[in-house]
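Dumping the structure here so I can ask a few things about it.
For clarity, chains are labelled A, B, C and D in written order, and residue numbers in each chain start from 1.
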């Protein structure tokens, strides 16, 4: 079974999630510029979630690039990831509508945490299917980024009830760490090609 | 006519259905954790439907894998299946909003039943197109799982008016039976390859 | 420029239109079976539009199968068709919410008419690009079905103000005519292959 | 890394944006033709945005046609473009609901401006990746159309507070300029092929 349909289904779901989020930006009643002011927190939470979903799409793209076959457990690990990503519009909307209040900020962290755990599970399924010489395993190494992100969310969730801005800062920080280009998989692919040719 | 466009159209529709369902999780008014409590039944019905749609996508994927040509009757049998799947968001939302009340639980069973019948019709169209040596026919055999699921829904529908929890239990049970990896088609494909090579 | 991206974009838009229509089936307030009764006209109009969009997707699929190159005018003729198809959810929702009243029934006919005209324009662009030996031109011939459908809608629009049931009957009749398998393009493709091989 | 997944993801997002916009055309309460009258400005703003998104899809299609590899910065430049396009439904809905009032008309121009800047950035990333002999660079030349459009939006934004109709006129004018077939990339591709064969 090829991976094309898995990729295109995942792309479809992520594309829809990303676009459905914008429906939380409800058309305001007024016709003056002031009518947009109450929407600023909704907009900012949309920007943050858009970046997170962009990162997931990007990394998903790279990760599947290292694999050729698709097993049943990968299909379900992938659906599990898509499930938590599908809760982004809800978590984003609740957080934006309540101006980053404590509980919605913590809940947003829970969704981020569950998505990151689901991503690690999918990654683990891919590594297991690739055997001892797994290209993906070499590429991610000890995977401090993936695991560190999950730890950051774990810290941010209870912290939100003390100061939601510290939590938001952590969410933004993790996003920035991922936005910096990550060449691990690309390098692993390049060095593999060099070896194959050498 | 190739089957790629049939697959990608079906993937698109299922991806949208799965994502549109989450719109029933309306952003709550309050900003405390308590505001999430009334959403728990909506969330649980979303989880159940997500799993069902994942199973359909997964099985649809495998089933089409056995076929190479697409006939007009397959196109319509496929659209018929997508029609019933498209009622999942409505049935899920009604059931969740009414805390798994009797009538919505029965209605959910009707949609599950019609989708399973539509799936059996599509499977039958594929088998018919493959001739006497149908790989899919060998793979599904007497298809106790497909037919048994339809029977379980048939029982669950009237039962909901007596105890909706028995019906819900049946819906969960059928989902679990399908979640267990089903190697029928994979085995049939593998043994066919062995014969072709032998 | 290949036609794959045109096909997949059209598939995406049609898949979304078909699924967005179901959002007009709003989750009812009550928890009894009676709560579904007011939704019956909405449901019936959804069924009719689902079948129409299925026919369009099916025919679009076959029509593009005869063509290999995509010109700029085809891209815009295709977008023009998608524009009118995108008004189906609105027209369907208005008709269903008003129990097939006169004006919404007439308006539904206007959208059907414009979509059929857009389809004929796209077909004409494809024929023009294929030159004098156009396979599509041979397949559609005088195209009584395409032109006849447009005429039927033209009659149904004013008729709705006299009796909307006559109009609805015409809409159903045209859908049934198209549902009957149309082998024109398949036959033309088959006979072309026979000539190429002969 | 291939460009197929980038194209199909972009197609998916644009297809969803284009279709979600139509949800702003809310089903009216009344059942007479008069009930449609208040929707005319919403409809007109939908038509304008549909054409703009069609132009973006069309140009995106052509632009990526000149490129074979996809870099990390292209992925993010593309997501940046999709972000601004995703604000079209909101900007269109606000403008239509307020009958093209000053502030919503100016805001619509801001979204158009940001999308055009994002498009120029993506184009620049593609040219940079193609090296000194960039086919895309030759095709767009000094790119008076891309830059001129951005300037037109820049003028239209403040002008909306003096006369929104001048702004709307500029938006329509820019759309018309882009609707006229642009053969720059097609010609560049054709001449390149001639050289390769010569």
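In the analysis below, a contact is a pair of C-beta atoms (placed from the backbone, for glycine too) under 8 Å apart; a residue touches a chain by one contact, two chains touch by 3 or more.
Please read all numbers here as calculations on a predicted model, not as lab measurements.
In summary, no chain was found to touch both subunit C and subunit D.
Residue numbering at the subunit A/subunit B interface overlaps only partly, since under half of the positions present are found in both copies.
Taking CA atoms, the transformation carrying subunit A onto subunit D includes a rotation by 90°, reported to the nearest 5. Separating the CA-averaged centres of subunit A and subunit B is a span of 27 Å. Between subunit B and subunit D, the centres computed from C-alpha atoms are 38 Å apart.
Within subunit B, contacts with two or more other chains are made by residues 8, 12, 16, 20, 23.
Chain-to-chain contact here is organised cyclically: the chains close a single ring, every chain touching exactly two others. Every pair of chains meeting the contact definition is listed here: A-B, A-D, B-C, C-D.
Of all the residues in subunit A, the ones that touch subunit B in their complex are 1, 5, 8-9, 12-13, 16-17, 20, 23-24, 72-73, 75-76, 79, 82-83, 86-87, 89-90, 93-94, 97-98, 101-104, 106-107. Subunit A makes touch with subunit D in their complex at residues 7-8, 11-12, 14-16, 18-20, 22-23, 25, 27-28, 31-33, 35-36, 47, 50, 54, 57-58, 61-62, 65, 179, 181, 186.
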